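First the structure, which I've put down as structure tokens, then a few questions once you've had a look.
First chain written, first letter: the chains are A, B, C and D, and each begins at residue 1.
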Amino acid sequence: MNSSLIMLEISVIGLGLVLMLADLFVPAERRRFIGYAAIVALGVLLITSLSGNGSCGQFGTAFGGMFINDGLSLLFKQLFIIAAILVLFMAAEFSDKLAAGSVAEYYSLTLFALAGMLFAASSNDFTMLFVSIELITITFYVLVSFQRSKIQSLEAGVKYLILGALSSAFMVFGIALIWGTTGELNFTKLAAVAPQFADSQMFLLGVLLVLVGLGFKIAAFPFQIWAPDVYQGAPTPTTAFLGIGSKAAGFVLLLRVLFTAVPSVTAHWANLLIVISAITILYGNLCAIPQRNLKRLLGYSSIAHAGYLLLGVAALSASGQSALMYYLAGYVFTVMAAFFVITLVMRHLPSEDISGLAGLHQRSPLLAATLTIAMVSLAGIPPLAGFFGKFLLLKALIDTAHLTHNHGYYCLAFTALIGVVISLYYYFGVIREIYWGKNPEDLSPIEISSPAKLSLAICLAGIFWIGLFPDTVLNITNLAATALGK
Amino acid sequence: MKYENLPWLILFLPLLSVAVITLFTLRSKTVSSLISIGAVVTGFVMTLLFINANGFQFSGETSANWLSIGGLQIDFGLKLDALSMMMLLVVTGVGGAIHIYSFGYMHDDESMARFFAFLSLFTFSMLGIVLANNFLMMFIFWELVGVSSYLLIGFWFEKPSAGDAAKKAFVTNRLGDFGFLFGILMVWGLLGSLSFSALQTTLAANPALLGASATLAGLLIFCGAMGKSAQFPLHVWLPDAMEGPTPVSALIHAATMVAAGVYMLCRTLFLFNSESLHLISYIGGFTALLAALMAVQQNDIKRIIAYSTLSQLGYMVMTVGLNGPTPAMFHLTTHAFFKALLFLSAGSVIVGMHHEQDIWQMGNLRKKMPITFLTFTIGTLALCGVPPFSGFYSKDAILTQALAQKSYLLFGVGVFVAALTTFYTFRLFFIVFFGKEKSKAASHAHESPLVMTLPLIALAVFSFAGGFIGITNNYGSQFVNHHEALSMAQQFTEPFNNLFPMACGLGAVAVGLFLAYSLYNNAAADPLPTKLGGLATLMKNKFYFDEFYEATFIRAHDFLAAVADWLDRWILEGAIIGAIRGGTDLSGRALRLAQTGNLQTYAFLFVLGVALLLYFVLGK
Amino acid sequence: MSILTYIAGWPLLAALALVVVPRNYRVIIRAIAVLATLISAVLAVKMFAQFVPGANGFQFEQQIPWVESLGISYHVGVDGLNVGLILMGAIVAFAAALCSWEIQTREKEFYILLLLMTGGILGAFASLDLFFFYFLHELALVPTFIMIGVWGRGEKKNYATFQITLYLSIGALIALIGLIALYLQSGANTFDIPKIIEHAKTNPLSLNAQNFIFPLLLFGFGILVSLWPFHSWAPLGYGVAPSPTAMLHAGVLKKFGLYGLIRIALPLLPQATQSWAHVIAWLCVGNILYVGWVAMRQKDLNLLIGNSSVAHMGFIFLGIASLNLIGVTGAVLIMVAHGFLAALTFALSGYIYKQTGTLQISELGGLCRKLPFIGTALLMAAMAGCGLPGFANFVGEATVFFGSWKAFPTVTVIALWGALVIGGIYMTRAIRNILHGPLPEKWNSLVDASNVWRKLPYALLIVSLLVFGFIPKLLTEKINPDAQKIVALATGNLVSATAPGASPLNFVAQNK
Amino acid sequence: MHVSLHHYLFVSFMLFSLGLLGVIMRRNLLVIYMSLELMLNAANLALVSFSRFNNKLDGQVLVFFIITVAAAEVAVGLALIVALFRKRQSAHVEDLTSMKL
């Protein structure tokens, strides 16, 4: 077995530990620089991974098939690292609102969560799945409740804790049942034997319970209930990371389980997936309509986006999966941009009420434009990332519809359409607040630190690049999707 | 044909003058008016040149393709034959006179340049109608005539009444045009062409082509004439159109525009079958009678003349309907002369009276304005048809035609209307020029300047001699296959060949004259209302047509508009869209009630979700 | 590099440039915007002049692969159908940029959005790739929203802003689903319209597919074109929009859906088109008659114009529904003509609003006295609006009538009534109440469009209307050959589309 | 009496359901948390018994993982609850509704 495959994960964890130690020696006012150091390190890792001679560049399996490096894991690992980098930037901006002097802890916890995600990306075994998910979740318990001075942060933490534990309990039990019936924990092996158990109720129950756990992570109906509260209460960088990292981790695992481990079962669940994603889309968008708190609004919208992403799963086709990943890639930058602006604009406000955005176009045209672009991209309007992603998803969906003659898919497509239109209402409501919001109480210009500018630039570049030049990313995602198949 | 380009010049000079005036010379009254006058007078000269180069019997076309889309071939072409050339003369000649007259009449109006631009625009459109060689082109200029009359009637747009009159004229004409275009489409659909000559040959080859819809098509086309020539039931706009400046009334509402309808009927006569012609003739006769009756009780000098125009147009249409295009065009031409003359004289009177138009404020003007008095008299005699004035010949031709067609009812109507005409004209004549001054203005009236009286004299000459200078020959050569040209002497005595209609005509004149004299010589007030009672008020109020249309057509459209608007506002916008909006919003507010914020509920919903999932998959 | 790329590219480039220009350099910002639109207008005229009528295939073509795996490529080119539209769009955009002097606050944002919108829509008309066709059109959605929201007028602003945005995106998304379905069903595995059409010639779409896709396109695009009963967004939105936005949107953007129907639906879904033609024809009645009546009722000038422009869409739909060469050509003619007209009317109403601060017709009156130029222009616009010969609209409408007469006589007659009578009524009423009559005291201070820059946009648009009204051949000879191809594909036979020579008998034969 | 796999599974189902009920019913955070642990251990029991009856060891290995993870979870969780208790002077779920709708 070659442990060189997990060098990336090891180095991330090591980095986290180093940061913790560094915390002891660096004086409090300098600690935000720890973050920048971490960012640089992660940047190096990212570049190596992109250049292909990094550990995750070389494909193969380790730990007796528990751990796999393939196109899928590569793509997701890169996304995770990018997300982490942006989150660290954000945290550096946010640091003064975090518990005094404990910034470094925040950084290292972020890195541990990242490590969990990296493991999730290449887990090919239920044990690995469980451990990585728990690593992510437990770290997030802390990250969510990190603003200990703020009651809402703690409350969000507890809610996340209880419901997270509940879901993992279900998941564990599901794993137990799967293993009990099939005697396999490894996805690849399981795929071989699964067809025999296709009608064993206990096996199906097990799979469903695992899906419950994953459904919780991606905040899909009917396990979406936690999302708004946690998004609202958590410190903004955490919310961002939660909205991208752990959602993406959930999705990569979902893909692995559904299409690598039990494809024979999944094939029968088209209608289940259709219904789930349809309801998820509608729920998220409808609830968001009257919402005034921006972070909570994005919480609801992230539910809706889970629904859109599930379109790609429901399509049950390689193009669907690739569309899903494409959409996620765009989603990373878009959401990051949104939360970055929220961080910069609202960190000094008591609550994240939308009215806080009034007059933003005067206070900082850059931030105004960025948030607008983020909202437009979320709404899925050209020429931004969100549009091409939705386009691909719809295309995959209609393709399946016209191959399988399952009219449910058409209904799903129209549901998505309705969802998009509803979402336009509240996303554009945000834009309205930015450009012609009523009586802004504060018109002082917002000064933006250069690192913040840099990361905003990264986000915008990503949004436009993925929206305007899809070819490269699309090839990667197609590759990843093929990796899933075999 | 010789001078092939002349007609194009004749047509486009006025347009050019419009362009020049609007673009450059709006500032200067004189230059603009001279440009416009120059355009039309040059046109007149060119027409003369062209005619004596080609002669009246000549007939030809010159055209260029304007639009060609598959089966739709539309030429921009000029048709030149006796009919159009004669009309060219009338339009440019009478028009020229009126242009010159207006130079004096409008002299102290600060937007005179605009006036002349409009006048040229009108001339252009009218010439277009006259020269058009196909239906669509005729329709195009038809519309342009409509709009230029709209502009001219509404020239004094600050006056609300002027604005309203313009609007009314436009919309009423539009109603006619609706039928016209409808008919054009129908004809095109059946015969596949729009060019008059092509249609004529096609129909001559195979008369059955129009088939069952022949009558309908004919009547629809007639609708156009109904609008422009103000035939019943679309006659209501013409009297109001008198809001425009008097030269306009003379040019548009006496000489040219209103004649367009009749001209168009003669131009497309080959399309009409006997049924449609029959109906047309009765509409014409009825209009003639109706208008004459209305005229009897009007007191506005211009309106009286306007109503007489209506009834004369009725004559013409009736004659066309009686399959007599030659007399119709004959009367059209002479009418153009003497009616323009009357209007312009009336204008001169109005100027002399300082824009007083009520005849009961005038009186004894023959002393104050001798020239005007003279020309007016000539006009009156011509209108009434006193020999040897032009009107006598044309009206006699009409009556003869009616008799020849054995349509005795219409003949009777014709004679009766002749009597009425004489009556109301001389009523006007006596009240205005005889008796004693009925107001200060009348006693201070003065003669108009030369620039105005000269055109009067010119027109007077034609009104006198128009009857026997060979107009009928020219038209006859157009319509009657083997038409033998008459010498001037023959024409002079022509009516006396068959005495009965002439006798009736003259008798009618005599009766009318006698009545008018006995009632209105030195009358201070109108004795008629007391004599006629209800009928008089009916006449005075134009038989309540305006009120009737107001109550039906306008009201109906406004009602439908109100309904549509209501539907749009309350059902579509309010109910349906509102329901969708509100429904979505409400369902959102309802759904989020699930987010109680209570952990227990969350856990419960979570478990419920699991149960749901399991049931959905395993339960079945 | 195709000239089309420049026509659409300059505005977008200028928009980018404006981003870096400091906001207080107002003159420069304005100059850049005007210049960019001027350049693309000039280029468009050049392109229009160089266009060879009846040349085989597309002209000024350019193709750059964009996403090979999906068969998406940046592919622009013109034929008779869109050459006029691009010209119109470019000119209107220039006029709109000139009219933007009425914008006094936050010019920078305004011009950026305006240029974005312009480039997008010009590109959309030029593009021959389903994806870009949609993609570029959607660029206008956000600018429209922000422009109406920030610079709009009236108290219904917010409501109208959201209604227009949501309504339009519903339409766009429905159309998008239709387009994707078309892409998949065609089996050509490319978004390239000419390729798809070629492919469809040999193996056409199944009847089911057609009957599924056509309604999506019809109603998706129909919503964008304010087809009755999906029209209510238009008057509302244009009522509150700042005039440059209204000019671009009502004049140019609105034609997108119609162009889409002609370019995509007719040739690719012939059977469905034929079976739906009646529906379209009768929906036109809704536009022409019903909305015409609504227009009669309006108290606000912009609402009146908005409704009348909705009514005009009816004629275009009628032309398309008639499915023959004459009708389709007429439809394209009106699309061009109405573009100029709508732009002109909204520009004028914008001027009047700027001067008087109201568009309530009852408030106005006698303006011809104080505003001779604007008044005359408005008079001409109104006359063009009720189909007066000499203006391009008449040619288009007449052609449509001739075309639809064969297919739908009844509807044609109704349309005639709407065009001649109802149109005449509300236009003359508007003139009577706005321009004619005595001038109220309070308007004695009004000033007319004085210098040439102020007059230029109006003059430009009027001239365009007159040119195409007097010499329609300029357009028709370009439109004809390609309209013929489209009609041939849509009806499946060349004979009914064209009757060369038009000898009476074969017309009779066709009526049978 | 011979104890078969199903008996073990039944017991673990019972434990699981008990834990579930506890989570839904009880108001005190700590008790809820304990019930969650109960559910985890129900899963453990199932795993162990499975591996006992299938003569495979992976199950028991997984159990060790679960126990470890659970320990970590408890550590974090209790700390969180305590922190919250400090702020609120209550560990009752009804008091945790500052964010809703």
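The criterion applied here is as follows: a contact is a pair of C-beta atoms (placed from the backbone, for glycine too) under 8 Å apart; a residue touches a chain by one contact, two chains touch by 3 or more.
Predicted model only: the values in this text are computed from it and were never measured.
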Problem set entry | Closest chain to the centre of mass proxy, which here is the mean CA position | C
For this session: Look at the interfaces B-D and A-B and say which one is made up of more C-beta pairs in contact.
Result: A-B
Problem set entry | Inter-centroid spacing, chain D versus chain B (mean Cα positions, whole Å) | 97
Seminar exercise, completed: Per the C-alpha means, the centres of chain A and chain B lie apart by a whole-Å value of 77
For this session: List the centre-to-centre spacing of chain C and chain D in whole Å, with centres computed as mean CA coordinates.
Result: 65
Seminar exercise, completed: Chain-centre distance (mean CA atoms) for chain B and chain C, in whole Å, is 36
Exercise. Among the residues of chain A, which are close enough to touch at least two other chains?
Worked result: 158-159, 162, 166, 170, 228-229
Exercise. What residues in chain C touch two or more of the other chains?
Worked result: none
Problem set entry | Multi-chain contact residues (two or more partners), chain B | 592, 595, 597, 599, 603, 607
Exercise. Which two-chain combinations touch?
Worked result: A-B, A-C, A-D, B-C, B-D
For this session: Note which residues of chain B are touching chain D in the complex, please.
Result: 592-593, 595-600, 603-604, 607
For this session: Flag every residue of chain C that touches chain B in the complex, lowest number first.
Result: 163, 229, 232, 236, 290-291, 293-294, 296-298, 324-326, 329-330, 366, 368-369, 383, 386, 388-390, 394-395, 398-399, 401-403, 405-406, 409, 412-413, 416-417, 420-422, 424-425, 428-429, 431-432, 435-439, 472-473, 476, 480, 484, 497-500, 502-508, 511
For this session: Under the touch definition given earlier, write down the residues of chain D that touch chain A in their complex.
Result: 9, 16, 19, 23, 29, 32-33, 36, 39-40, 42-43, 46-47, 50, 54, 56, 58-59, 61-62, 65-66, 69, 72-73, 76-77, 80-81, 83-84, 87-88, 96, 98-100
For this session: Show which residues of chain A lie in contact with chain D when the two form their complex.
Result: 126-127, 130-131, 134, 138, 141-142, 145, 148, 151-152, 154-159, 161-162, 165-166, 168-170, 172-173, 175-177, 179-180, 183, 185, 228-229, 232-233, 296
Exercise. Can you list the chain A residues touching chain B in their complex?
Worked result: 158-159, 162-163, 166-167, 170, 201, 204-205, 208-209, 211-212, 216, 221-223, 225-226, 228-229, 269, 272, 275, 283, 285-291, 422
